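In this document, chain identifiers A, B, C, D and E correspond to the written order of the chains, with residue numbering beginning at 1 in each.
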Amino acid sequence: SATVHIAVASNFSNTIKSLITPFEKQSGNSVIASYGSSGQLYAQIRNGAPYEVFLSADQLRPNLLIQDGYADSSNGFIYAQGQIVLWSPNKTNHLNKQTLISERRDGLLAIANPKHAPYGSAAIQILKQLNVYQAWKKRLITGQNIAQTQQFIASKNVSFGFICYSQVAALPPDEQGAYWLVPTHYYKPLLQQLVILKKGQHNPAALRFIKFLKSPQAQAIILRHGYLPGPMPP
Amino acid sequence: MSTETPEQVKQMEICLQLERQNFHLNAHFHAPMKGVTALFGPSGSGKTTLLRCIAGLEKQTRGHLKIGADYWQDDSLCLPPHRRPVGYVFQKSNLFQHLTVLQNLRYGQKRTAKTQRKIYLNETIALLELENILKCHPDQLSGGQQQRVAIARALLTTPQLLLMDEPLASLDQASKLDIIPYLERLHQELSIPVIYVSHSPDEVTRLADHLVLMDQGSVTAEGEINHILTRNDLPLAHLEEACAVISGKVVKHDSHYHLTYLSIPGGTVAVSYRGFPISDTVRVRILARDVSLALSPGENSSITNVLAVTVISIQTMADPAKSLITLQLGSEQILASITRRSVHKLAISVGTALYAHIKSIALMH
Amino acid sequence: MSTETPEQVKQMEICLQLERQNFHLNAHFHAPMKGVTALFGPSGSGKTTLLRCIAGLEKQTRGHLKIGADYWQDDSLCLPPHRRPVGYVFQKSNLFQHLTVLQNLRYGQKRTAKTQRKIYLNETIALLELENILKCHPDQLSGGQQQRVAIARALLTTPQLLLMDEPLASLDQASKLDIIPYLERLHQELSIPVIYVSHSPDEVTRLADHLVLMDQGSVTAEGEINHILTRNDLPLAHLEEACAVISGKVVKHDSHYHLTYLSIPGGTVAVSYRGFPISDTVRVRILARDVSLALSPGENSSITNVLAVTVISIQTMADPAKSLITLQLGSEQILASITRRSVHKLAISVGTALYAHIKSIALMH
Amino acid sequence: MLQTIAEIDLQPVWLSLKLATFTTIFILAAAIPLAWWLHQEGNRSVKGAIGAIATLPLILPPSVLGFYLLLLLGPNGPIGQLNERFDLGSLAFTFEGLMLASFIYSFPFALQPIQNAFQTMSKGQMEAAATLRASPIDRFFTVALPLARPGLLSGATLAFAHTIGEFGVILMIGGNIPGETRVLSIAIYDHVESMEYTQAHILSAGMLIFSFLVLFILNSFHQRRGKYYL
Amino acid sequence: MLQTIAEIDLQPVWLSLKLATFTTIFILAAAIPLAWWLHQEGNRSVKGAIGAIATLPLILPPSVLGFYLLLLLGPNGPIGQLNERFDLGSLAFTFEGLMLASFIYSFPFALQPIQNAFQTMSKGQMEAAATLRASPIDRFFTVALPLARPGLLSGATLAFAHTIGEFGVILMIGGNIPGETRVLSIAIYDHVESMEYTQAHILSAGMLIFSFLVLFILNSFHQRRGKYYL
């Protein structure tokens, strides 16, 4: 049976695992998934990685790949839209925007690296929107990616921080703690785009896989994992 | 507190055991707290091991060890090596590779209280001819140079007991002849007792006052040197270098011929001049091979020293051509080794009175 | 191709230079390709360095080196050490720490072609008394044991040239007396020439046929042993162990007294029995201190060997009480050391005819 | 919990062991001769430079090193181009590529202890071997190597352990491909990233226990009295 | 390009040097006594176990190690609780925390060569020092340490270089705070991730050149004839 090799941004790894199982069952194809940060996967693709589909955490890198001819321009689409939450594992905490405004001056706030992690730059946008960026600037703890940021908070080294809603959704209910799902107008939408790479262009399994991702069944799974479905391409 | 007789304080009591895989050391003897005690025995008999136990370098050592009035080891106590005031000249020089010769010499000296230092750097350097190599590192030295540095280094701690493991083995004759009198002076002037391992009978008889024979880890005989040297049941009397060491008194100097006359039990002998005061007590060594026997005192011979002796015993030696004759000389005994043919020719038997013509007598100290 | 006289083939030509920081070796001499050539000189005079150059261990060595018919080094060629068929007994034993004694012994033997092996493992082990320590590692051995293993290891390659750097220094007398005849046999039966460094005049005179004196890196004298030993302008004649080594012929055995009679230039002497065939040529050593001089042949004395001699020269020795007398004995020269007083008493001067009473003569080989 | 254990994919474990074993072998095969050569007399500055270069990979952050290796090995890089010309196939994203990367990254850890071992070795025994007819190569194997054993053991331990633990380089050059380049360290990392902590804990604990045992045994070897008896 | 160079933030460079220097000092201060203790006679298995434990941090992927350290240091972890009780403040995301992490991770690289150095040291010189009145501590400093110099140099080199290059642990425990925990390796990594390749190249090249020079000098020391003259 046909196989498709996909490269997935690590923040989507839990979700993709829930997607692969039904897909493999339905299509009889198999999926090999490699995880990594979008930046790392991007560099690998440019240097000959054997990936056929790239599920990035942003739009920038897929577009660069298309631009430079590493990916097919026709099949890319936004497979999910991330939601950012302000999260604390402590249930009794009450988190909302007031928390950020009135928090005592010595607390720490964890965010992902704004330079290259989309959730990091979204967090900065939120802080700026709330006019508290200057106040927090010196007390930001940056994780290399969203997973690290979550670990900072989960280990209670930082009391709260901005992570991806899907990470909270993946926790068992009694560990979900308190969170504030930030309204989407505080930040530019976190659109996660996928592209079919040159290597996968002629692989029917690849096409079948992205078709599956567009299916209502897949969209429901994505939604359940804390992502909003992306705006559907025509 | 136990009351000690002065006799006991002047002794070292060594009673040490050590178990090794294939070797069992069991050394038990007393030795005087002055002069040189020589350890003598075949290769592998445990001489080095014993020195190491005395220095405290073998942790497994059992037994007790009392040096003069001080216990170094007994059932309840075991001084660590750096608290034992020994100077140890190792069989392998064990110089510090990362230090120059001078730094090696200073290492122990610096760790000795100024007030206790009685052996001085410059003097020692001069005597052991180290002037030109002070800045060298040990790996740039010849074998003999290394050994001389090791001797100097041990001495410069002004030890209360000197342990020397074949210290002169790779030195040339001239260096030996320079160093031996220095060692003699050391243990006389500073009364530092020495335990000395050597395979050279010549060195042993020159230096030692007390002899300890070892074999297979045990002490087979020990005692005052002449006693051990002349016992014909012990191996020393059967060596080519068999000799006797006896005491004498300086009676006269002859500056013209550079001779010193000594009165020894049984007569007067002449030896090469040494500036000892008249009536000083000194020791002379008489090698068995230097003694020839004659029925008459003889004349017209270059042999200066002729003494009347009586035969005490006659033994064949390892070399069947030779006989070892033990002779009574006054109150002392000396040895002569002559051919069996001569024994016959001169009809020598126990009790015969003869003249010992002694070709050469070495004065020691 | 150069035509070589057999004379040249029977020689080793050594002409080697080495520059070190504070030391300049410049050794130039010829030595016979049989027997033992002894290197003799004070500590630091370059003996070890010279052996190392001969073995090819000093890369900076200049000069040329021809052993018998083979060039080992000249302007264009320099054999690496493993191609030089030497056996080297180092001053420090340099045993392989990671191997047992037996494995150490086998190391060189395995690397010698079977057809070339003429020295055998079991025999060597027995002779050097290594049976009980074959399974030990070197760090479990006493100093003397290590040295014996090193000797055995070097011998087992059946070398064509044996380099020995104080091989017997830390051995007891008994071991020495076992090993020396074995070494003598080796260089006789297998005609392996030996270059031998020793500080012991006794060892040197026992073993050597040829003597090379070194000082400060240079050869100060060299030649046939008796020539060098008896030259009174050289240091050897002034040592306490000064001696002469002369050749003799076996003329008679006396089995009753265990004596062997030798005819030497100037007379007949008796020595301890050794089983040499009649009319074999052998060598005897006569120590200067064993020679006494008399105006008459003497009687009634235990001294067996009395020879007529003539005085060639009289010198004072380092010890001003003593004179060194060089004596003509037939065609050879021997030395006597006697007191100056006796020189006077017997009115000895150059040309005086005297009787040398020789207390002891050692037969060598 | 038991179920989680049963579900854990053990392939990365074998892959890691295989990778570390091969890498260690290759590293030793290269580090020993290099250390020996560096130890011999010769042009000090050339040797100093080469020694320094061999240590350099230590200094770069692993993922950056991985990035540069990717550039080198990728189809546009010089090595990639060479491979292409001779039709050898790319090294990036293959097990062989991982070996190369681990080799480069773990090499200095082996080189240093081995170099030390040669340096502190007494010259005398090598000289003795030479006079006993052993050629340079012979005495290298029969004297120098056995005497350098503690250093070799240390070098191998460090290289092996470091390869097992390495991760940044491997992630970059290997691409986290199951069965091919997803080694244990990456698998654990993935579990942590996906918040599958139980699996991460189990794998980590298993790895630590196993490694502890191996190191313990090695250490006992190492310290055994008479350091020379293997 | 020149402008890019001018814009590069050099603070991470100093921070890395500072981190590596302090870490190396602390590591040496701990590894030397530990290696010495391991070298002494005594209970072999206890020592084997402790030696193995000290080497274990090598085996874990750095970011996983970092994760566990984070758990340890967090307010629920044992170290965090201790800190809280004594009101010392948290170690996570501080320079001190980085030092602790680097210490743990780089420690084995220093320990092994130092242990080797002690092991191959001849006992004779220590014994000679003892008979020359030097107490155990005195002879440790005046004989054992100088003789172990090549091993110390190697250990320090490896620990220093590895701390400079370390990254996974530091990322995890440091939180990338400019001026406090944002060290060079993280800065370079950030540039790579953000596709600012020019900056990454420049920083990497600068780092390599500097490190090369340092290692070259160290190596020359190391190899100098007469290895004992500092």
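By our rule, a residue touches a chain if its C-beta (ideal position, glycine included) is under 8 Å from a C-beta of that chain, and two chains touch if they have at least 3 such contacts.
Source: prediction; values computed, not measured.
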item	value
Touching subunit A and also subunit D, the following chains	E
Set of chains adjacent to subunit B and to subunit D	C, E
Remotest chain, subunit D as reference, centres from CA atoms	B
Type of subunit B:subunit C copy interface by residue overlap (half), same or different	same
Taking each chain's C-alpha mean as its centre, the one farthest from subunit E	C
Separation of mean Cα positions, subunit C and subunit A [Å, integer]	91
Intercentroid distance (Cα basis), subunit C paired with subunit B, Å	27
Length of the line joining the C-alpha centres of subunit C and subunit E, rounded to whole Å	60
Touching two or more other chains - residues of subunit C	92
Residues of subunit D whose C-beta touches two or more other chains	63, 67, 192
Touching two or more other chains - residues of subunit A	40, 43, 151
Pairs of chains in contact (touch as defined earlier), listed by label	A-D, A-E, B-C, B-E, C-D, D-E
Residue ranges of subunit E touching subunit D (in the complex, touch as defined)	38-39, 44-45, 47-49, 51-53, 55-56, 58-65, 67-68, 108-109, 112-113, 115-117, 119-121, 150-151, 154, 157-158, 161-162, 164-168, 184-186, 188-189, 192, 200, 204, 207-208, 211-212, 215-216, 218-220, 222-224, 227
Footprint of subunit E on subunit B - complex, ascending	55-57, 59, 80-82, 84-88, 90, 92, 94-99, 107-108, 111-112, 137, 139, 153-154, 157
Sites on subunit A touched by subunit D in the complex	5, 7, 10, 13-14, 17, 32-36, 40, 43-44, 46-51, 145, 147, 150-151, 167, 170-171
Complex interface listing, subunit E residues touching subunit B	41, 122, 124-125, 127-136, 138-139, 142-143, 146-147, 149, 226, 228-229
Subunit A contact footprint on subunit E (complex, rising order)	63, 67, 70-71, 73-77, 80, 90, 92-93, 171-172, 175-177, 189-190, 192-195
